[in-house]
Structure formats: structure tokens, C-alpha cells
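Each of the two complexes below includes chain A, the first together with chain B, the second together with chain C.
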Partner chain A sequence: MQPNQFKVDVASKLKIVSLVSVGKHPQSGRVRRSDQDSRAVELGLKLTGDNRSGESLTVLHAGDPREQSLRSYAGMGLKSVRVLQLDPSADAILPLGQHLLQCGADIVLTGVRAESGESSGMVPYQLAEKLGWPIVPRVANIVSVEGGVAEVLQALPRGQRRSVMVQLPFIASVDSAAPEARQSAFGPASRALMDIEVVSASVDMTRESWEEVPARKRPKRLKVVKAKTAAERFKAATAKSQGEGGKVMKNESAVEQAQAIFDLLKEEGVLR
Partner chain B sequence: MSDHNSNDVLRRDPRAEWIARNRLHPLHGTVASSETAEVRGPSGLLRKNPHKVGFIGPNGIKRIDRLKGNAAATGKGRRSGAAKDVQLPLHKVENPDFYIVVVPDMVGGRLTAHDKDIIGQAHKLISGIDGNGAVLAVCFGQSKEEHFDTAGVDRLLLLDDESYEGYCPEQRLEALVQVESAYKPQFWLFPDSVNGGSDLGSRLAARIGERPAVQVWQADNQTVVCRGAGGTTDITRNTPRLLMLAEECADPIDETRHEAQSVTLDAAPVVVAQLRDRGQVAVDPNAISLAEAEFILSAGNGIHNWDQFHSAASVLGATEGASRVAVDDGFMPRFRQVGATGTWVTARIYLAVGISGAIQHMQGIGQCDKVIAINTDAGCDMVKRAALSVIGDSEAILGELIKLAEDFRAQQSAGGDRDAA
Partner chain C sequence: MSVEWLHPLLIATALALAVIGAVRRVNLWRAGKPDQINLIAGLMAMPGRYLHDLHDIVERGKYMSRTHAATGGGFVLSALLVILVHLLGIDSQILAWALLAALALMFVGALFVFKRRLNPPSRISKGPWMRLPKSLLAFAGAFFVLTLPAAGVLPEGSGGVLLTVVLTALIIWGMGELFFGMTWGGPMKHAFAGALHLAFHRRQERFGGGRSTGLKPVDLSLAQEIGGVLGVAKPTDFKWNQLLGFDACVQCGKCEAMCPAFAAGQPLNPKKLIQDMVVGLAGGTDANYAGSPYPGKAIGNAKGGPDHIITDGLIDPETLWSCTTCRACVEECPMMIEHVDAIVDMRRYLTMEKGKTPNKGAEVLDNIIATDNPNGYAPASRTNWAADQNLPLMRDVKEAEVLFWVSDGAFDMRSQRILRAFVKLLKAANVDFAVLGDEELDSGDVARRLGDDATFQSLAKRNLDVLSQYKFSKIVTTDPHAYHCLRNEYNDFGSDALNRVEVLHHTTFLNQLVQLGSLKLSPFTGAKVTYHDPCYLGRYNGEYEAPRELLRSMGIEIAEMERSGFRSRCCGGGGGAPITDIPGERRIADMRMEDASSTGAELVAVGCQQCTAMLEGVVEPRPQVKDIAEILVDQLVDSTADSSVGQLAREVH
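On to the complex of A and B.
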């Protein structure tokens, strides 16, 4: 998982689009670049050869072009950010899909979940369904792109990685396990061009009936003891967690004992 | 006159009273048991004779059973657990009017706690709807789960063909689309987890054009409360047909037993997958943080050959852990310590070598699924907790284990070379 190990033979023709959204700091609530989206931009920058021009990488946003957080994406070394201008409450799927088809994207990178709005993580799936492209969720890295096939490393729980081969074009959502985004510089951020295209989109009517409040703390689940007598309650409160009594191998030889352990490890699938 | 008097005068039998007082008297039982009727005092209160409570134990000492017949359950030893296994009442659903489909993650082939919460949520939704509803669980891949019935599964669709093995979201999606058309479920419930539930749910939502509610933590038939904006807001909205539920959204089923009747599906068409699974890649196990490692090899005071321990960990591909003693003695770094003062681990397999199991250490491994113990003491706490305990010299057993693992790795690489050739 070294950052500069991937091989891209058709990088000159490869067209990568990173979709970015407006982020929100989890503690302060301030507007910022979204963590996963900036990792998607970082991955795109690395795939396009890190030549600072970022010519084959398009960073695309659907929403308000005056949004300040877009500048912090641009500060990662982009010359321009493409913005499809529409009302922030509108449904962005249709214009985004059309734009991706028009510009002939090969790889579309998004975050797993937005940090603002509904944050359902459905945008990559709906785009994939609409365009008929495959989607690879939770990508940690793109190892190589050769002959129209990409080798992608997927982040699994417990720090594991899975290698997946996928045909271009495809959509990938970038996990928090992907390489961290580079710092955003103020100068390039203010110099970057906002390439605005005004599009029309239908307003999301369903969302208007929803009620949105700051998150309440979730109640902790109480441990309900269904004991009938005082002795059972006492036991439930003081008992150590003990298994139902497993298999004990006492008199076997070391070879047999090791074999039993080995078989259990294999059965549970932890030996790979 | 004298007759009349004889009725009035209370005649006492001093001998009988004496026998009744003397519980060691051979005739005591006959006298004491003669009065069985309840005695009411002058104000109508029930009077208990404290002398008659309890029974005489084998040594002639009075014993009072204050556990009301539950004493057997508190008995010691392993047998008590088996004796307490009570048969829960069976909840039967014949000819269900509607279905609620749950697609559990089945990590390692077993229902997770998250899956069980979601099955509990499904039953909560059913109780709010008129008519007979059944929970249909759709499980992919090989299943090792034995307790679908007590988890609350009414109907079980087990898809364990070869085509569903490994990472094949497109094939699984096709099967779910078939389920959608065959059962027309009232609700689809997915765990909103990184183990694949959220991926599959999003795919299905996009395919059937349903707008899902994600990160749901409260749900009934009318409204759901879900987290939005990266977990910083609560959105209250109408309940959609497809829900992806957070952990601990509802309580798991624990008072009933269900049928877990298997159902079948007309074979789903085999799709041409655009994603090709190349399997998991090897990651450095010691780079994974101890708290989220899947397989931990942990060392305690019983380890003398530390080089052997490290080589065992590397050949098995396990993350290294240690007990407090091993850390205090300087054999392992502090961040490897497992237990109350160290890291609380969540491993699926915890292999404890030479750890007898102090309570602080047992707290740290409370969330582990399977514990394997290698120890010289058969009576220690770790052996009681372990699913498999091996009593013997840790150095000899680890040596054999390393040999087995090396053979396995050699076979693996030989097989890999053959595939490549």
C-alpha cells in the first residue's frame, strides 16, 4: 500500500472525475472539505500522475458555486473546479449522470457518505444504476489500470483489504482508509477557476416533509436481568463471563493438541 | 354437667407437646404433621408457625429453603448450565399474510448481534401491522448458525451455492430482486454495517427505485428516526419500504422460539459479474490496531521462548497481544497489553498462550467470540472461558503449531504457483 506503486499505462487518456460535496466538521459543525471526498480527490490526483496540472482529473460539484469549502478542494493543487449550479435542495442525480456521460469519465470517485444533508450514501449507487456501470464500495486504493481493467483494493472491517478487478468505466466510493488528503494551500485555492454550468433540476419534494433536528444522544441499552429470585439477580450481577464449557484436551500428545488448534483456526477461516 | 364441662375445658397432652417441641424425638414427625390447616389469629391474620418452616437436614439441623425451589439452578459446576436450558414457547406463523425480509450480514457464517437486533426490529414492525406477518431471513454463503429459531427467524432462505461464495454483490442483488418479485415484502431490513449490509441494501434500493432510510435507530410503521449529515442530525420521516438500521435499534428476540422453516427460491439467473473477486490480500497483522484485529495470539507468563512466540504469530498471520505480566516484564510493548488497563479487544479468535486469566484480562476479552487456551493449569479461569483448551507445555505445542502452519503455507504457495502457471 505504498502511495506511488500503481501502474497506469493509459493515464494520458484516462479520465477521472471526483465528485465532491460540502463537508461539515463533526465537532464544531463548521463548513469544511469533506474528509472522504478530499481523499477521493487525493486518489484522483495520484492516479493522474501527480503532475500538478491535474488535466485528466475533473473535480465536480453539484450545488452552489459560491460555497467556500470548494476552494479548499481547489487548494489541493487544482486549476479549476467544475460546478453544476443548481439549488442545494434539488436532486443532483440526473444532471450529474448526464454530465458524466457527456464528459466520458472512466473512473468516478466519491466519498462513502456525505457529511451534510441526508448523507445516505446513495449517490454512487444511483449513478451506477442509471449509467449501468459497476460500483466498487469502500475503496482504499486503486493499484493499477491496465487494458481497460482496474485493480482496486477494497477496505474491509478489521483492517483487512480485498483485491477486486473491475472493468472501466466504473464508480468507486472512497473509504476513510484511503491515503490521507494533502494539505490545502490558500493561494492556489483563491486562484482556482470555478467552471460553472447552470443546470436545471427538479426540487426534492419528499424531503420537505422531513423534520430535521440536531442529533439526540442515543439511549444506552440497559442490561435487563430477567431473574426471578434474589439469588439469580445476585448471580447475574457478579458472575464472570464464562463459556458453556469447551473442549479440554489434557492427555493427548502435543502433536494432536496442535492439530486440534490448527483445525479450529482453519474452520473459522482466520488462516489465509 | 360434667359432659358439658369436658367440652369446654381444653385438655392438654403434655407428652404430645413435649414430642412436638423435641424435633429429635422419633415420633416428632407424626405429631408435627398432624396440624396442616392454616391458622388464623384473632384479627384474621394468617399465622405462620416459624417452627414448622423448612425441613430437617441430614445432620438434624433445620434447613429453610428461601430460594423457593430454585436452588438447583444455582448449583455449582458445568452441569447447571445445561440443566437450565428451558424450551421457549414456539411462535408459529401459518400462511403468512405478508413478509418482512431481513438480510443479515452473517459474519463468519453466524448471526451477529447487529443481525439479531434487526430481526427483533422486524418482529416489532410485524406487531404493529394487522394480520399474520413472518420474518424471512435471506442468508448468503455457508452458514454455521445453529440458532436461527431462537433468534426469531420464521422463514429461512439459505442461498449457499458456490455462486454466492466470496464477494459477489451483483449475484446476491439478483437473488434479492427475485425475492422482491416472489414475496412482495412489506419491509426490507438491512444492517447498516461495513460488513456488506449497507452495500447490498443500497444496491437493492437503487435497483427497485426505493428511497431508503439509512442509519435508522428508531423505527415503527409510521415514522423512523435516522441520523443524517454524518451523524450530527436526526431526521424524522415516514417509514420507507427499505430500511438500513443502526446497531441496537431494537432488542433481540429472547422469549420465543420460531420455526426457521426453510424456503427455496427459483434459481436466480447467473449474472455476468463486472466485479471479479481476487480474494483478500495479505496485510501486516501487526499494523492492524489491537482493538479491531480479527485474530490475536496473546502471550502471558507461561511463555519462555519469545522468539518462538513471535515466529508463531507471523506464520499464523495473527496480531500479537500480551497480558499485563508479559508487558511489565518488558517482553512486549505496553500498547500490546490486553485487558482492563490495556486494550479491550474484539477479536473473533483469541489464542491465549500461558495466560491463566486474571479478571482484568477476562474483561478485556469479553467481546471475543472464540477463545483458545494453551495452559499448564487445567483449572484456571481462561480454560473455563475457552472453547478449546489444551493442557500442556506451551513451547512444545507452539512448535507443533508452527510446523503445521508452515506446511499449510507451503501447500498454499505451491497451489498458487500452479494456478499462475
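On to the complex of A and C.
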């Protein structure tokens, strides 16, 4: 059986929400459906049998309902897109969280990070914190949901996968390794309903003071290839990256483990 | 025994049934969407169209054209005279003799039809069509004998009961096929539907030697309507005169014999496709179809009806995506049926409503939408190829004699060689030209052929907006696909940017330069050369001569391929076919290269970057492939001591 053949117990109908943002094409800078967010919609559609099997998928955006890129998500075959209409300067986290609670979401899917705006990748974490839900970062697939527990495949570097079990409700950010989004068709894109709810939220003061400039590519460190034979090069290209100087703490107490993390963050200058 | 009343009664019954059938058939067509056609003018023009336009095509095969003229002409005359003589009982020896002559003509014609059906080529349908010559002979023979008394050759009432019975049986058979069958779906349906199809053809411009090849735009406002459908989902979504056109098919299979996809073993057969459309418009299955199948697909499983989604059970989407839109079928069809329109109409539904463009289709469309080129390159890198060419930009000069439309070849290294060659020729001939640079966008050709008319229209409008800002009297392009869009498909968007602008393919333009003496060429001394006609230059735009004249101007004697000119075989690169990439048993490009090799040529001259790419994709050993611009540039004589030319030449090198 295909690994993405989805199993779900029919007694409780799943409610899935995919959060979508305004994407930006890397070459042209033009707005589009964001790659990861559209994979989140794709996964949502798959989990709900294209929104037909009684399970339901809501595609949710916080921002401007006239935004064109929302149409290209709708073109994936959505009847409507839910939009929480907000001032562009507002912080979307609070209204999003409230909405997710109200609508009784079981699984919330987001991209790992947005392609425009802050692009910090913090939205799923902040939502999880607000709601007190678990977050599973970088999922490649959701294999099954049974008895209120989902089996989720996380994407690790170099095509590896890790299976995790997680209690509903939860938030998952969808990795670029998840199945590719289906084609967006012009007809349904044009016909979809923008289901608008006007909400107000506090202005994101921190962001107000920021100035945006286009990112510059960071120079890349040249890689010295030491491999002599093709077999070695193949190994170098496919081997798991071995973190150096790390250590695995399995048997120590939680306090000790936390202390070790804290020390490391200090050492690296992340915490001051 | 007096049976004088019998035959008139039979004739009247057959005619009445024919009329009922006609009304039913007409209603099937009327289930389609409305189209603006002048009905009266069409009907008036119909006989002329039959005699000229249709017969011009049939005339390509002398045997069939004479046979058809005798049989068809004889039948029409006979039918009219039968009504006068036998139904209305007009007692006139002259009429009777005329009828005898018409029947004799028809009989002779039918004999030839019969002869041809003895050993029919695989392209023509069998089944009921095998019965047709016999029915024609029955009709003509029986009425001939029946008319002899009226002509005074035989006394009234001669012949016994047996003869009467035999004649009556033959008449019933003949009229059953020719009157009743004409409107109830027998082989003779082609005469009834065909005549009306000529009158109400969707592309009236095709008659009188005209050419009409641009696709019709989709009304995108349907996308705003709940329940609106873009493209064709069900047979009733076609225009009514398209449905009528399908019904006119005579199943001669000339389209099938020319179709490159069919020959390559891809699941497409244009004849079967049209017959499936007939199944769709009338309802039923394809079980009675008696021609070649779609390669690799069995007959008898297709089911359809006027309100059934076509791609749910009648036609496999793969069939639609196999087409290269080469128009060989349309060019060959004696009934002037428009296969490509129908195929693209159905693709439009699959792409714009279902989001089901196969293989790389979705990715290419996404790229075109996001970057205005099919590979998703940065729009700002469009002129990188010409970094060393010092090309005047329209943005700077605002005005030039010639606007050089570069096309997406700008992003492809092989095509860039063609572009460079052309620029060098332009400079050598001192042509006042400029390019749009990054302001040029993809022409929309691929998007349109893949069924995404929304994207095509967006590109067309944005391109027209840019064009309208500048002054030029000619657009010249090396890409026949862009050429076709600019020349034939950009006129539908209410822009005057191309009014009084001549759109030319580079071979046409270069030929003008050579004829004017602006380009000095040395004779070509290489090996044998053949020329491949690109579909979008030849069949779409009727340009067969300029490329040949150019080659001749270098002293090249073209070794023509068997299929050249309007019968040229596609390279396999059109219609987005390399993108949708439907598997077959062979590759179309390989077959075309075999055509070229069999002339003994060592060089294939082409006039299209897509053809170049497809033909060069064929494994070696094979003839070399070069665009005509590349061949010309090698023969260019930089003789003039003119200083400005010298300076240009330095810039180019």
C-alpha cells in the first residue's frame, strides 16, 4: 500500500485548517501561491478526501481578501477561502488563534516559513504557544489519524523520515518534501468565494519600526572536496551530516538536559 | 395487377421519413452553443463552396474526385428528377430521358466507388460504408429500369410480377440508404450534414482560398459565473456549427493517414476523434465504428451523450494531449472539419476547469504565469543572450523600421545561435531595427495550445500594451509560433498596436532583403540539402515559398521530402506535445528525420527553433540541422568596403 494512503476512523469527523500566506516567486518577485503553503493545502485536501468525505478542510488567510494569490490557492478546487480581514500592520497571531479555537480545528497546517513579509517561520510556533497545542515542524505527510492520535512523518535532511505520534489537536508546518501541490485552475480560482470576516487586532509595534530591504545572498563557504574516488564522493553526498562536538543525552534528568542546552546556547551566543 | 400507386407511395414515405430524420438531426446540432453565422448568405454560397473549396481538396486525388462528381452529381440530379417523374407523375419524355442520363451517370460513378471498395486502404472505414456502393447501384439501377417506360423505350406496364417485386425491393433498399439513411445516421449522412456544414462553417474565411488558423478566444467572463464552463466539457458546449461539422465526416481517413501522432503509435486518431464526437452529440457507444482505433486502445468501450462529460468515458484525455496541433488533418480533410479547434476546446476544459494538464504541463504554465517564460528564468535575464550584440532597445529609440521579436529562444543556448545569425544578417543589410528587450514576454503560444487561454490572453494583452508604445512598420521573428500568435491571434483583443504593421517570419523578410540585393551571398557548396516546413509557418501561415527561394538564392537545389509543403510532417514539437509527452511506440521527430535522411540529404534546413530542437534531438548518425538564417550567415559576403558596414561587422564579431 502507498504510504500516503490515508486512514482515519470515521466516528469523529476531522476538521483541518490550512493557513496560507502570500507567496513570492524567487525569480520574478511576483506574488503567487506560496510553495509550502500550497503543499499544506494539498495535504489538507488529501486528508479530507478533497473536502468531500465529511471531513472538512478550511483554507484560512489573515490579511487582505482582494489579494490575488489567494485565488491561486482556490484554483486547487476550493469552493471558498476564509479570510480574516486585517489591517496590514496588525499582528495576525491573536485573531488566527481565536478563529482556530472557535472553529474547533483538529489539525492546523502551515508552511515552514512565508515567502514574503517577515518570513521568520514563527507563526506556527506562536500559534502553538497561544493555543497550548503541540507543534510538529517540517512534516512530509500525515499517515493516519486513529483514536485522536495522528501518525505524522517528519522530513529530515537527505530524504530521511521520522515517524511521530501526536495527540489532536496539533499544529504542523509542512516541509518542501511534502507532496507537490496540484495544479491551480483558472475557472475554480475565479469562482471561489472569499468568505470574509473583519477582525481587529493590535498593531505589531515592533515591526512598525523596521525597514525592509531586499535580502542579499550570503557568500557560501567553498567546499573542499577531499574524496578521491567516485564511491567516496557518493558517500560524501549521501551520508548523514555528522554534527561534530555534539552529544546525545538520553539517560540524564530533564534538568541536566535543559542545562546542557542552555549552556550550549550561551556558548554559541544565542542567549546573552 | 396495377401497382401504379405503389412506387409514388414508397417515394413519398421515404421522403417524409427523411424529413423527420432531418428535423431530429438538426435538433441534435442545435443543442450546441449559439454562433454568429449569416444563415441565408451561407446557404446561398454553399453550392459554390461545394464546387470549388471542397472539390479543390478532393481534386488532390483524381480518382476520387471524378468518382464523387459522377456519383454525387448524378444522385442529386436523379433525386430531383425522380420526384418530378415518379412522385409528381409529370409526363414528359424530356424529363424521363434526363433522369435516365442522370441515373446512368450515377451508376457509372457507383461502379468506381464499388471498385475502390474491393481493396480499400486501411485509412477508410468499413462497416456500413462497404454497403454504400451496392446501395447506390441498387438505387440507380432500379430507377433506371423503372424510368424506361416513361421515356418511351418500353411500353407501359411491361415486365412481369417478378420484375416489379425485384424493382420494388431494390428501390426500398436504395431509398432506404439514400433518403432515409441520409438523415437517420447512415453513411449518406455526410451529404446532408456536409452541405449544411459548408453553408454554416465556423470559419467562413476559409472559403474562396482563404486561410483561417487562429484559435478563437475563450469568453473568460464565464469564469465568474457559477455553473459557467471554460472550454468544452460536454458535446453541447461546442458551438452548434462545430457539432454539425463533426456530422459531416465521411470517414475517408485522410486525416488519419497524415496524423503524426497516429503514425507514432500515440493514442490519437483524428478520424476516430471526430466519430467519437458524433457518438457524443447523438448519444451511444463507439461499438459500430468500423475504422482504425486509437493506437493501443480497443474499440467498444467509449460511451457518451450530449450532456455527458466527454473525458469521463468517451475520450481519454491522453488522446487530446497527443496532438501536436500540426493541422495536417485539417489541411487534408475534404469536409473541412476543424479537428484542432475541437481538441483545444476540450483541453481548455481540462486545464482551466479541472487543473489536469499532464506531465510538465502544470509546471510550465505556473512558470509562464510567474515569470512570462516557460522555464521560470528571471524575467530580467531575457536579454542576457545579447550582452555582446549591442542591440538597440525600443525603450530607448522608440521607433524603428523593424521590430525584431526575439521570442523565448532568448533563454535557450541552441536557439541563441539562430538569433545571433539573424542579428548579423540584419546588421549586414543595414536594417533599422530594435528589440523590446525585457519588455517582451512569452507570446502565449504554449499556454494557449495547452488550453490555458486565460494566461494566453493576459500575455497577449500585456504584449500589445508594450507594442502600442512604439512605432514600427514590421515585426519580424524567427519563431513561427510567435509569428502565428502575433499575426493571427492577437487581433481579437481590441488593440490597434498591430494595425498597419506587417508581421513577417524571418525567412520572408530575409528573402525580401536578398531579392532587393541588400545581402550578398556566396553560393553554397556543401552537400545535399532538404527543407523541413514548420507547421506554424506552412499550414498555419501559407509560407512555403520564401524559405525555398532563399535556399535557391544560394544555389541550393532542394532535395524535397515526400511529405513537404502543405503535406509536411510535423517535427513533434508543436501544441505543447513535448511538455505533455504522451508515450507512443516511436518518436515523431525520429520519423521526420527518417523522411529527411531518405532524400539522401546531409543537411536539413529549417525555419524554426522548435523544429531545430526536436530534429537535433534525434540520435546520430543523422543529417545536420540548421536554421536558414544560420546557413545564410555562413554564405554572407562582407565585401562592401563601406566603413559603416565594417564597423558593424566589428561589433558583431
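The working rule: the second predicted complex is superposed on the first by the 205 of 272 C-alpha atoms of A that agree within 3 Å, B and C clash if a C-alpha of one lies under 4 Å from a C-alpha of the other, contacts with A are read in each partner's own complex, and residues count from 1 in each chain.
Operating definition for what follows: a residue touches a chain if its C-beta (ideal position, glycine included) is under 8 Å from a C-beta of that chain, and two chains touch if they have at least 3 such contacts.
Keep in mind that this is a model prediction, so the values were computed, not measured.
> If you stack the two complexes on chain A, which partner ends up touching A:Glu151: first (chain B), second (chain C), both, or neither?
Touch partner of A:Glu151: chain B, not chain C.
> Should A:Thr238 be classified as contacting the first partner (chain B), the second (chain C), both, or neither?
Neither partner.
> Just checking: does A:Gln167 make contact with chain B only, chain C only, both, or neither of them? Give me first, second, both or neither.
first
> Of chain B and chain C, which one contacts the greater number of residues in chain A?
Greater contact footprint in residues on chain A: B.
> Please work out whether A:Leu265 is in contact with chain B alone, chain C alone, both, or neither, and reply first, second, both or neither.
So A:Leu265 only meets chain B here.
> Check whether A:Gln183 is in contact with chain B, with chain C, with both or with neither, and answer first, second, both or neither.
second
> Once bound in the complex, which stretches of chain A touch chain C?
Listed in rising order, the residues of chain A that touch chain C are 25, 27-28, 30, 32, 75-77, 182-191.
> For chain B, which residues count as touching chain A in their complex?
Touching chain A from chain B are residues 67-68, 70, 73-74, 78, 81-82, 108, 167, 170, 194-195, 198-199, 202-203, 205-207, 211-215, 217, 227-238, 248, 251, 274-283, 287-289, 292-295, 316-318, 348-349, 351, 359, 362, 366, 370-372, 374, 378, 381, 383-393, 396-401, 403-405, 408.
> Across the complex, what residues on chain C touch chain A?
Spelled out, the residues of chain C in touch with chain A are 220, 222-226, 228-230, 351-357, 361-362, 365-366, 369-372, 376-379, 452, 454-455.
> Which bits of chain A are touching chain B when the two form their complex?
Touching chain B from chain A are residues 24, 26, 29, 113-122, 125-126, 128-129, 134-138, 151, 153-154, 156-167, 170, 206, 209-216, 218, 221, 228-229, 231-232, 235, 240-250, 254-255, 257-262, 264-266, 268-272.
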